[in-house]
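The following blocks contain the structures, represented as structure tokens.
In the two assemblies presented below, chain A is common to both, partnered first by chain B and then by chain C.
== the complex of A and B ==
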């Protein structure tokens, strides 16, 4: 039992260390890739279902054809697009290390 | 005193401060609750708001805040006041102010729907506070840009073995960005490639150069494989002699050589000990322009293409250099006690005498000279937007925000150790100390001369990675702040060039240490502003704001006093000094105006904050949820 607990503790310490190293190395790149993808996705969503936020930019026929593909993203997209922003929000990658 | 004691003091103070003070504030005052939904979980949008493991966030936050600040400030302060006041302020500052500022800014953002500091300032204090924040940020960036470009250009000018590593760093940055984002190469392999090649290029710098103990005679740069051609460029540029001369009343400028055994400073090409004049050569201007071109690339290329991978390489070089130095600091008292013993004076006095009448009282000047290792306003700005929106549980804020600040403090302690064991101070002494510690850590495998070159190179790399981001934010700030007034500022090239010209003017005409102290003052004022917001927020929530309010008052008074003293120093030691070059006088006036602007902005914020404080807490309405939430 004690050995199992020790193994569990060791595994959790190693997992924590692995995550810490990932945070120092890959997390920034991953976040930046995700942010880039999100901005491209935003353009696509606005084109397809912009009327949901008051931008009727595409005939409803095409919107309806594309609707099944964009439904899973609608909630997060609306949060992202309609949030009030400050200048620092858009440039948090530039604030590193200063 | 030796290096082991610094490790012991650091470990004990950080352990006590974290477990017995920070945790108590987190539990009793802030009352963080793991069951309370954070903005990351409430408003997850797949990009900015994302719940993330606390270990990942700790690494991310630490990497984002740890850079050149804790290194440069400490080596300057050790020169001016000795190692004892420096270590005391590092430990007291981080215990009672530093972690509190970082952690509470993150928690305030978490409890305010992930809003940034400027948005919270707009609501809690007044709308114009947000505008004043822009002024602060812009001048902060201008001053740190000037201070860093100045110190790096001086090193590149004086050390022909360093520039090659910087050129390779730029190339590896481009290669790294392309491999990671375009080729989707394995991150570990890419890291190995770009970091090892950059380190190898830095280590190649001194190849073929003959070094002698205590630099007597000076290194033979002309015989070096890499340094020879660089020296040739410098000599070709400097054929006509110096352009003009400046004076640093505090002798903290990197071009001023350390005192010899007789207490006198030797004459060098750049420094005249009889008059205290520092000659500005065309090669210094050349290296300034080289750095500005580097920063221009970092500012205007897509961040993934250059700035981010360069910063990533810089982080690894810093981690390896500092990590190995730390091992050296622990081993040295046992294996090589002579190296571990502090050579720098413990204290030079509370008001060390400056030859030209500059005021450098321990209070308030020490508290702005050592900025980032003890407390930094920039961390609060970054933490409120970058980290607060990724916290999965409120209880993660302390290990991530507070723990990150305590970890950064250890960088300051290591810099102090590196400087103190060399018997001098300044960037050169830091590099010399790193060289000795690396020699001990590698059990003599890495010669001190190569370790010192690595120390110089890593110092420049660490500072340079920061500078390119400074210019990047400056470009954005200019566009946001002045873009409405003249649309040209919204053009990234126009705003980048404008920012570069301002920085160059400050570097060429100013005095390095005053630039640094003004930067420190603006940084600490930003921290005081962040603590002020936390104080008002806690009061509006009916909680005891003392842990943030008392440090806020101290930092506020200290930084305003330091700004005024720096303005006086500039006036008394440069403007009114007989024989000052016209360009120095213009630069001094520019810095005096910046100092007074910072003071005026601080006073305006204080007035608005007082009015906010005297409002009844109930008048501060809760922030509505962001639009678009379900």
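== the complex of A and C ==
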């Protein structure tokens, strides 16, 4: 029930976003999508291989299954997350919205 | 057949008083032929392996093809069947009966190698990058790695074999409960990650369309996530399937054990493990308590009497058998046969 509510909320946020983006130029639109995609990527990496930076989320047996697919992202991702972490030391890493 | 080797054992222990119950273990199997995943759970050392072996023996004797398997690194099936079976796949013990002990460490090592091979193949490398290698090592050192690897191999065993019955000599309760509780959490997580991945894909699609790029290849990660989810669910279903699973709690007539068992049973109920019944082990025959018996023995029998009454009050008709204390450890087929007779020797057949 909770999850469904959350999914519903997310869906409507997405729909709203799409409407908003409609008003943008194609270029802005694409850039925004790429940026959003990048931050989702960070979140995704945290959930898959978060134990690399001390945030275990997936059962390790199965995170190994996903590892081959995220190999290229690992280097840049780790650097990005650790950099962001230094900036916001008092705001602990946010996982709640996932 | 095996009966003549009973020579060295004293006369059969006198029967314990009849139970105030309706159903016996044998009747349970005869009434529920579809419950083919049989498990014995309970605190350490109470008799799970003994009852698993005896149940396998009895079912096999009645013409059912049975696999008794264990994930216990102590190799306790090797001990009880007096055969070296650890890590050897299903080994035939007698007609219709196979035993298997999973070598979880080896399973994990082989799995790591598969992951490495996949990485080399996907990116055309000849060496796994150090950073990735470190990660594989760190992930494999976590205790949760062993739990999830074990349950994953149990899924393989149950889905690949073609036995009539699978008797799962269960690791102590804590492990099963740990896995069940984690399975729910993991399932939710994976649901969320899958959703996140789908969202990422949507954005990527938008970006690709705006940039007039070609259609994306199918997202393999989504496929993996779905696969992982089915595995985790299959593993917890093994423990919670009402139609196919028969879970028996093993207890002994001792206060601490009964308290712990009651707590565990409550947790199991919360995770919807269908408990089929209780088996009381190591019951001292009350007729030993005559005047010539040493005081400590009379006291123990007296204490057990109280606990047995407690068990009947607490578990009532779900107590399916009482097994007496035997004069020696249960190892080898003749002793296993004897336990099977004590558990199931009342006429009904599976």
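We adopt the following convention: the second predicted complex is superposed on the first by the 52 of 98 C-alpha atoms of A that agree within 3 Å, B and C clash if a C-alpha of one lies under 4 Å from a C-alpha of the other, contacts with A are read in each partner's own complex, and residues count from 1 in each chain.
As a working rule, contacts are C-beta pairs under 8 Å (C-beta built on N, C-alpha and C of every residue); 3 or more make two chains touch, one makes a residue touch a chain.
What you see is a predicted model, and the numbers here were worked out from it, not measured in a lab.
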If you stack the two complexes on chain A, which partner ends up touching A:71: first (chain B), second (chain C), both, or neither? second
Does the superposition put A:43 against chain B (first), chain C (second), both, or neither? second
After the superposition on A, what does A:63 contact: first (chain B), second (chain C), both or neither? second
Name the contact category of A:33: first (chain B only), second (chain C only), both, or neither. both
Check: chain A residues flagged as touching chain B and also chain C 26-27, 29, 33-34, 36-37, 75, 78, 98
Quick check on the complex: what are the chain B residues that touch chain A? 43-50, 52-53, 55-69, 115-119, 141, 144, 180-181, 187, 191, 303-304, 307-308, 311-312, 314-315, 319, 378, 381-382, 384-386, 465-466, 469-470, 472-473, 476-477, 480, 626-630
In the complex, chain A touches chain C at residues 3, 7, 10, 14, 26-27, 29-30, 33-34, 36-37, 40-41, 43-44, 47-49, 51-52, 56-72, 74-75, 78, 98
Over in the complex, which chain C residues touch chain A? Could you list them? 108, 111-112, 115, 118-119, 122-123, 129, 131-132, 135-136, 138-140, 142, 144-145, 147-149, 152, 182, 186, 188-193, 195-197, 199-200, 202-204, 206-207, 210-211, 220-221, 224-225, 227-228, 231-232
If you look only at chain A, which of its residues touch chain B in the complex? 15-29, 31-39, 53, 73, 75-84, 86-98
